[in-house]
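The data blocks that follow each hold one structure.
Next, two complexes with chain A in common: one pairs it with chain B, the other with chain C.
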Partner chain A sequence: MKTFWERLGHAAIRMLEDSADTIVFAGRVFVRIFQRKTYSSAMREVLVNQIYFTSVQILPVFIIVSVFFGSLLIGIVFTILKDLGLTEFIGHVLMGLIVTELSPFLTVLLITLRSASAINTEMAVMKVNREMKTLETFRIDIIDYLLAPRVLNGIISIVLLSSLFSIVLLISGILFAKLIFGMNQDVYMNMLLDSTRFSDIIIMFFKCAIYGFFITLIPIRFGLRASHELTSIPVAVSRGMVNVFAAILIIEVLSLLTKLY
Partner chain B sequence: MTMSREYKVGLFIGVTAFIVVIALLYLAISKGVLERIHTFTLSSKSGEGFTEGMPVVFSGFNIGNVHSLELNDEGVVLIHIKVPDRHVKWVRADSSFVLYRPLIGSARIMVNTENLKSPPLNPRKIPEVLTVNDINDAIAKIEPVLDRVTEIAENIQIITRNLSDPKGDFHRVLGNAEKITSNFASKKSLVEMAVSDQESVKALNESLKKLKDITANIDRVLVKIDKMADKTDREIYGENGALPQINMILKDLVIKLKKLDKTVDNINSISTDASEGMKDLHILRSDIDDAVKSIDHVAKKLDGLIGTKKNPEFRVP
Partner chain C sequence: MREFPLQAAPVWVDVPLISNQEVYMNIALIKKYHDNMPRQEAWRLAVDCLGKIGLEHIAYKRNPVLTSEERFGVMLLRAAMVRAAMILIVKPFELIPHLNDIQMVTSMLKTIDELYVSCHIYDYQWMQEKYGDL
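On to the complex of A and B.
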């Protein structure tokens, strides 16, 4: 019978091996994204479909959500700033908190709930149905055909949707600055410009790209781990989603650490 | 018109990317990324409070930032600031630079220019940065208050220590209060509690009884005095009392005096008249004297006439 320490050691080794496998797997996919031969007509078609399902289909709902949620968020933040007498920090709060932190975070949550779970399930079902085996039989590269377009879609969708979310927030900020502080549009823009740093925007884009990469890669990875039994699908999906959320938190913490240093 | 999936995706990517690029371009232009940048060097004896990227402010507006910090061979801190071309007009030869460290908010270098028509600041010139430190000022102001608060806290500590000390004043007072309340509960009276002696209480009670008799006697005497006073009052102030009669006499006397006044006045006027009459009597007497003398003179003359004439007859005028 295994002792507690043996079990702990085994779990730790397994976790490290999993992490190493995921990193190696991520590296392989990442390299493929930058290879020209990856972009075959079939891959491009899959990529277009993925972007369509992930971003275009969700766009009306996303814009409505960002307008309502963004306005509410800005309204609350502005009211708190006014109560605390910190009106001059509107720009810093908008850029430092809402645009560079909350926008990517909320966007990635929405996309994870809608698309990452779908990708995870799709991969698990394909594995159960032995479609992977069929693709391999026809010498179709799984990474090129299945993985790269989805990961690339994740990167493009998160970067663009997050930027859109930020722009909607900043525009609604003009309205709320006028309503709550009676602030002129020029003053608002000046405050915003003063507190905007290109480095923050670059970090935001980079963070969105990393989010996009991992919220598609991890569900694919866990989907591919499903066995050939139907019962393995929910297990693979739930494990994949838990790991996705863990990854989101880790990336958020790392991005905050980059701001500290 | 039905749009193809490719078209929709292309439109989404194109429009979103365009909006993002336009926003970034606007930001770049507004922040003067594409502008010519002027670099000036400032100096300070200490690098404390300076950070790279720190804003340079003129009249509350951001006109540049600190690009880099450097310590030269003389131990002086050199601060290189970058100011975009459109803001360089605010930095003049007579501009002063102040490091402002507010209590709340980030530190900044404030540019104060008295004369905007003075020549532009020479990039080779190194003006010194003065320091205004809200935090230290606030600490200096708060320190005496903190000392007072510490004193108060110490006093409170002493009070609480005394309160909690079983041999302390507070506990003694509480003990005494307890004794008093227990005495209240056990003794028959407050006096007994005060003197703690039964005999003394009896003596005190007897004295009190005697005092009661004395006061009863005094009461009776006072009643008699009261009656006498009442009687005297009636005799003096009553209807037939002395005082009303004296009053009547006095009134009568006043009336009589008034009458006497008139009499005296009449006597006065009579005496005045008599005095004046006396003056007339003197004149009358002198007149009579004169008349008597005249008559005497006439009689003498008549005598002379009668004595000489045969017929002693004469005619009077």
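On to the complex of A and C.
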């Protein structure tokens, strides 16, 4: 009978092997994204459809959530800054915390809930229905046709939606700056521009791209692990989603560490 | 399939249609992927081919709502989209269980004979009587 430490060790080794597999798999998909032959007419069609499902269909809900949540967030942050007498740091807080940290994080949470779960289920259902075998039989590369467009869509959608979220937040900031601080629009804009660093924007886009890559890749990977039984679908989906949330937290922590050093 | 891996085009219950795509998209997929055929052109070709076997009315339907004959027709056309296709029909009576003879399959094959190079049908020995003189 295995001792507690043996079981723990086995679990740790399995987790490490699993992570290594995911990284190797990510590398294969990443390389394909830059290969010209990946972009067949079929792949481009899937890419356009995926962008439509992820970025366009969600827009009304996304804008409403951005306006409500963004206004609430800006209102709270501005009130705290006023109470602490830190009005001059509005720009730094807006750019450093809200635009580069909270916008990508909230966007990725919304997209994970809506699209990553859908991708995970879609892959698992295709596996159960033996549709993957169909693609293989007709010599259609699964990475080119299924994975690359979804991963690319993840990157594009998170970057665009996160930018939209930031824009909505900054616009609602104009209103709150006037209400709370009696600040003129030009002063607000100047404070923002003074606090904007090009490197922060690049880091934000880079982080969004990494989020987009992993929140689509991990659900695909776990969806493909489903067996040919229907009962494997919920197992594959729940495992995939837990791993996606773990990946989001890891990326967030790594990005904070990057900022510190 | 091993001898002509690029031309082999199976029609088989184990190679199902993609369920989240309409019939015309299932057929067009092969041309779009292998020949990089533009989307609209591939779709038109798929609908035209469906018309040849009298199935244009199912072009915008999906797999679960198709009858066995319709599903077979779509799988046959999808196979015929492979370049210089060598169609392999595996156990056709498993795909259309209520069929009494192979007549329907052969007439469908004759209608689209310009789309493929050759066609082979594989089945169990004991199904021989359903094939008649074929």
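The criterion applied here is as follows: the second predicted complex is superposed on the first by the 261 of 261 C-alpha atoms of A that agree within 3 Å, B and C clash if a C-alpha of one lies under 4 Å from a C-alpha of the other, contacts with A are read in each partner's own complex, and residues count from 1 in each chain.
We take it that a contact is a pair of C-beta atoms (placed from the backbone, for glycine too) under 8 Å apart; a residue touches a chain by one contact, two chains touch by 3 or more.
This is a predicted model, so every value here is computed, not measured.
Asks: Just from the overlay, do chain B and chain C fit on chain A, or is there a clash?
Replies: fit
Asks: State whether A:I167 touches chain B only (first), chain C only (second), both chains, or neither.
Replies: first
Asks: Should A:S55 be classified as contacting the first partner (chain B), the second (chain C), both, or neither?
Replies: The answer is first: A:S55 touches chain B but not chain C.
Asks: With the two complexes superposed on chain A, say which partner A:I140 touches: chain B (first), chain C (second), both, or neither.
Replies: Only chain C; A:I140 stays clear of chain B.
Asks: Report for A:I156: first if it touches chain B alone, second if chain C alone, otherwise both or neither.
Replies: Only chain B is touched by A:I156; chain C is not.
Asks: Under the stated touch criterion, which partner chain does A:F4 make contact with: chain B (first), chain C (second), both, or neither?
Replies: neither
Asks: Now for A:E88: first (chain B), second (chain C), both, or neither, which partner does it touch?
Replies: The answer is first: A:E88 touches chain B but not chain C.
Asks: Touching A:L193, do we find chain B (first), chain C (second), both, or neither?
Replies: first
Asks: Between the C-alpha centres of chain B and chain C, what angle is opened at the C-alpha centre of chain A, expressed to the nearest 10°?
Replies: Here the answer is 160 degrees.
Asks: Quick check on the superposed model: minimum Cα to Cα separation from chain B to chain C, whole Å please.
Replies: Across the overlay, chain B reaches chain C at a minimum of 11 Å between C-alpha atoms.
Asks: Could you tell me which stretches of chain A are touched by chain B in one complex and by chain C in the other?
Replies: Touching chain B in the first complex and chain C in the second, no residue of chain A appears in both lists.
Asks: Applying the document's contact rule, which stretches of chain A touch chain C when the two form their complex?
Replies: Chain A residues touching chain C: 40-45, 122, 125-126, 129-131, 133-135, 137-140, 144-145.
Asks: Inside the complex, what are the residues of chain B that reach chain A?
Replies: Interface residues on chain B, with respect to chain A: 5-6, 8-9, 12-13, 16-17, 19-20, 23-24, 27-28, 30-31, 33, 53, 55, 61-62, 104-105.
Asks: Inside the complex, what are the residues of chain A that reach chain B?
Replies: 48-49, 51-52, 55-56, 59, 86, 88-89, 156, 160-161, 163-164, 167, 189-190, 193-194, 196-198, 201
Asks: Taking the complex as given, what residues does chain C use to touch chain A?
Replies: Against chain A, chain C makes touches at 5-6, 9-10, 14-20, 29-30, 32-34, 36-39, 42, 78, 82.
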